[in-house]
Amino acid sequence: MQVIKVGVAGASGYAGGEVLRLVLGHPSCEIGSLTAGGSAGTALGLVAPHLGPLRERVLQETTAEAFADHDVVFLALPHGASAALADALPDDVVVIDCGADHRLVDAAVWERFYGTPHAGAWPYGMPELLSNGGARQREQLVGARRIAVPGCYPTAVSLALAPALAAGLAQPEDIVVVAASGTSGAGRALKPHLLGAEVMSSMSPYGVGGGHRHTPEIEQNLAAAAGQPVQVSFTPTLAPMPRGILATCTARLRGDVDEQAVRAAYESAYGTEQFVTLLPEGQWPSTGAVLGSNQVQMQVAVDPHAGRVIVVAAVDNLTKGTAGAAVQSMNLALGFAEDTGLSSVGVAP
Amino acid sequence: MQVIKVGVAGASGYAGGEVLRLVLGHPSCEIGSLTAGGSAGTALGLVAPHLGPLRERVLQETTAEAFADHDVVFLALPHGASAALADALPDDVVVIDCGADHRLVDAAVWERFYGTPHAGAWPYGMPELLSNGGARQREQLVGARRIAVPGCYPTAVSLALAPALAAGLAQPEDIVVVAASGTSGAGRALKPHLLGAEVMSSMSPYGVGGGHRHTPEIEQNLAAAAGQPVQVSFTPTLAPMPRGILATCTARLRGDVDEQAVRAAYESAYGTEQFVTLLPEGQWPSTGAVLGSNQVQMQVAVDPHAGRVIVVAAVDNLTKGTAGAAVQSMNLALGFAEDTGLSSVGVAP
Amino acid sequence: MQVIKVGVAGASGYAGGEVLRLVLGHPSCEIGSLTAGGSAGTALGLVAPHLGPLRERVLQETTAEAFADHDVVFLALPHGASAALADALPDDVVVIDCGADHRLVDAAVWERFYGTPHAGAWPYGMPELLSNGGARQREQLVGARRIAVPGCYPTAVSLALAPALAAGLAQPEDIVVVAASGTSGAGRALKPHLLGAEVMSSMSPYGVGGGHRHTPEIEQNLAAAAGQPVQVSFTPTLAPMPRGILATCTARLRGDVDEQAVRAAYESAYGTEQFVTLLPEGQWPSTGAVLGSNQVQMQVAVDPHAGRVIVVAAVDNLTKGTAGAAVQSMNLALGFAEDTGLSSVGVAP
Amino acid sequence: MQVIKVGVAGASGYAGGEVLRLVLGHPSCEIGSLTAGGSAGTALGLVAPHLGPLRERVLQETTAEAFADHDVVFLALPHGASAALADALPDDVVVIDCGADHRLVDAAVWERFYGTPHAGAWPYGMPELLSNGGARQREQLVGARRIAVPGCYPTAVSLALAPALAAGLAQPEDIVVVAASGTSGAGRALKPHLLGAEVMSSMSPYGVGGGHRHTPEIEQNLAAAAGQPVQVSFTPTLAPMPRGILATCTARLRGDVDEQAVRAAYESAYGTEQFVTLLPEGQWPSTGAVLGSNQVQMQVAVDPHAGRVIVVAAVDNLTKGTAGAAVQSMNLALGFAEDTGLSSVGVAP
């Protein structure tokens, strides 16, 4: 069997740790260099005790040299840091960026939301995403050598709404999304509002009013699905759980669309996708059911009184929302079966 | 000092227990009969060990006779059970219904959502709620002898959106609300999806697509604020916390409304209300900050790109969302200071 | 590759669901019949939405006929129900009982704690457990056709204390254990004290004073390690988390034993065991680090002032504490590599 | 009514915030200066949004001048910082130290555990604590002007075990305690292991092997109860909840003591104490039932097989475990009714 050598830059953070958890279960991967910023020099077991088999691996400084002779390098770095490292790696190395740097196509939008120069867009690692003509992102990933992993919120929201927009069942003008995320989505930053005593038993919103950096990414994906610009009101909230995103996504119905028409569009969109499940009628998704898995579970409803379609999607922000998408994209890039090393089964209850 | 005798029908449930927690701290109340259904005959301490001073009180059967000679009777009963008991109590007894039976004015709407005959509407226990002409619900509560306590979601949502609608800053046609509730909101029913192992670390929606019974109550309140019918898309979700509601409420802006105009409307609406706080700019509410208190904390944002105003409100579903409103209404009915026995301070962290 | 046909009796409960989660990832297993009690006739997806690939499988009634032609049958039944089903299965079928029925060797002890006739003891599915002469339970499992899966608490406690007792470093007379368990350990029973609103943000003990049924199982294991009878004071507590056991286990030191001697005994006991990890000095286990994995993480300390050795062990009660041990035992029984289908990596954070 | 002016040094931390929550509900207190370290200059509402009525109060630097003309000053400072401020305050000001500096009587023990010079012991703010002769700490607090507030763990453990030791029912030589605490007990320090994503769904021990600084305080209290030295093996653990301590405390029985004898001792010890409740037989304490209250709930069991008495006690670490004891002590010092401003009712569920 072909064995590829995989490195992770930013292995001490939550995204990097989840990449490692998955790669440890990938039968064709050998784990190479692990690098970090402030934790360089530390044994991985001290910062990530759940990664038992890698306990004694020492984190190195993040340099291109650390990744010489690697086949795949996952970047789990603060935004703005990916481009320099990627540029220093050979073109034939598969570089998979879990950060935001290469997600947005429009440089002006990037600069408005991030305030730094745009590093350019890479093929976007959401294989199941439909565009208006019916093509999927998957096609861009086969054989790719640079891949931008989607944000966690955009994963849930884009997969939830793209079929309705692509099928012309929903209007693009007034989409409203409210999503709840487990606190690992905020990373390992030492901020008072992320302390356990603050977040347990409490919910709060943030980035309200269009300010969240995932808004333009969501709009980019949904515009591609709709074939025209979209406007999204997106409000993220922080929920008292370590992992998981529950995205409640609503759009105005076009004309007299009923629930069966919507279900049909979603069955058509995802009937052949092993990592996206439209639940049976009457059953709603929960983040608990997808914990640790690469699954998106969703359900649709039509509210004729309010004139809206509501799609609720659940993902694990670290797995399908980050590292699972990264590994799935790697599989496509290198020609492995798309689900290698990825589970469709959640760790529940 | 005047001392009134207070009874609670349904004292073994979460709402009844919270009424007792508050009444125990009310300087003018003496606690009379406590009744229950299946728990009748049991000492209260076995079902509500947090109510220490009432530990040895035995729960009685729920009958009108049990409440003879009481000044106030709180009803915390399953819906449909309030009217019969209320009818059997003298007209001059203050009857405060924490259930849904007397909230909705429109009998046809009641019957559509509950499937039982309408018991008639009572004065609505949300003192701070603005109607379109500027009047507040408070006026209806002074001296009232029958009071319908609002639902927990309608409390957060109605107070969040009424000022924008009453001031004509938002459109009534396409309101979208997504709210998260702690699991005590579902009561003490023994259902598998409410088990701790299921709800911890997990979020899920329910009643999606207009089916939740709080939707017509929200629309009734907001229509009164707007002075015209409203349509609300309301999606409730279950969050992994015992208490608290975080309601994210959005409405389309009218014309060129900016954030300062919205803030001004809310300052005007709530500047004199001790239990509703518009937070300083830049600070967002959290349910943790209002735990156990009668406070509503809220914040507003205007998203010109999406054309929406977003108001996020946090309440404790059992306190301001149920029992606190009940006690506040009792205070108004009987002429006590409105905040007697109620705290503006949350139990945090 | 050899493919074996595996059935699960009691597939709708938490233990049965976890067996299925693991077996789905086992490369040599094909999933046969799934049976249940009250949920028979229901699609598995409705009670266990995390088991996506088995969503449409319909739960059957639990009968021996349902398991005709199976190679392995896992029993996840209420205690007392295993023997009858096992007796009706052919002798060459591997029957692995996740329940308590066949764990205790002493019939009188069984009857005292369970009040029913003793069904007889089976080989005990804790491969790593040391007995006083240095033998391990593993030896009994190779080729076995009937296996009793250990209880979740006994897994953590027995592995934590056996090395100190087997090496004669600790006294058997006055062992004190306090352990915290996630609420899935109590199963899916609909009891008020297991409701989410009750368990979140709260801890409480149960079965205090020697009454917990896991006490005799712990003593049986530790007596085998010590080579003499032991007395254990065991207090279990319920913790606000879905999964995980943290067991704090203390025993009186024999003579002048120091921490290095204790560490040496544990390194010797577990240095070659892939599923038991003695953490590096200074690092303490957490249940979060072993979530969903088959790992036991532990750490030791010697407190000369108190004259005690303290060993703290963390396991996932459903994985290593139940279903992981069951699959590990099946692997030994059938000659697969012992870790097939089992992960050493936790799902964290 | 006499109104006293109360200040808080360290008002931005969890202990200081809880003192303020309670003092806001105390009818005889006016809130004076609030000081902080790094947060000086900030509005209190930004760091403690639950303290609504004090939202606009600006935190000052911590100096003695800030507290000129105050009647009572609560110190909620890092250990080592209390003595200097206390020395600079007039002798007739009531200074109540929520920190550790003045709890330990033995200077050598202080220095061994804290590594700094001993600041001297003050009257100890645990009114209900029994000493061997039957006296209670309460006597030392009446009229006191310097008070050391007990640690949170010592509150639960000392009240749990003192009656058995004072009555000679338990042996002092081999006490074993394992306690779980909500994460607010670790304060607001920005440490990775206190992040929400790390602590939710996880339990872990710390300070194992006698190293926790609360051990000598527990031993000091229990030695006074026993009338002779005691040895305690104490293991604290961190539980996934914001507040609460559940302490499982065990001691060897003396002779043939049975459960009724133990119950009688506890009824005698606490029958007249309004803030300590021995629960009815068969009911065990939970931290949820005492959330936000000044109650200690406990239950006893005798395990004749293991030869131990087990006492489990639940407190809110921030209320009875810190700020409630502080206010209770203030009430005794100044001659208010002991329960003024303190609740016996928990905020549950």
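Think of it as A, B, C and D in the order they're written, each chain with its own count starting at 1.
Everything below uses one rule, namely that contacts are C-beta pairs under 8 Å (C-beta built on N, C-alpha and C of every residue); 3 or more make two chains touch, one makes a residue touch a chain.
If you want to know which protein each chain is, UniProt gives these names: A, B, C, D = N-acetyl-gamma-glutamyl-phosphate reductase.
Because the structure is a prediction, the values reported are computed rather than measured.
Asker: Comparing residue numbers, which of B-D, B-C or A-B shares more than half of the contact pairs of C-D?
Answerer: That would be A-B, since it shares over half of the contact pairs of C-D.
Asker: Farthest from chain C in C-alpha centre terms, which chain would that be?
Answerer: Farthest from chain C by mean C-alpha position: B.
Asker: Write down the chain pair with more C-beta contact pairs when A-C is set against A-B.
Answerer: Taking the two pairs in turn, the one with more contacts turns out to be A-B.
Asker: Centroid from C-alpha atoms only, then distance chain A to chain D, rounded to Å. What do you get?
Answerer: Comparing mean C-alpha positions, chain D is 45 Å from chain A.
Asker: Averaging over Cα atoms per chain, report the distance between chain A and chain B in Å.
Answerer: 37
Asker: Scan chain D for residues touching two or more other chains and write them down.
Answerer: Counting only residues that touch two or more other chains, chain D contributes 14, 182, 184, 195, 197-198, 200-201, 240-243, 285-286, 288-289, 291, 348-349.
Asker: Within their complex, state which residues of chain C touch chain D.
Answerer: 174, 176, 178, 180, 182, 195, 197-198, 200-206, 208-210, 231-235, 237, 239-244, 246, 248, 250, 252, 259, 284-289, 291, 299, 301-308, 310, 312, 314, 348-349
Asker: Give every residue of chain B touching chain C within the complex, in rising order.
Answerer: Against chain C, chain B makes touches at 14, 47, 182-184, 186, 188, 190-192, 194-201, 240-243.
Asker: What residues on chain C touch chain A, complex-wise?
Answerer: 14, 17, 21, 24-25, 43, 45-46, 48-53, 55, 184, 200-201, 242-243, 277, 279-280, 283, 285-286, 288-293, 295, 297, 343-349
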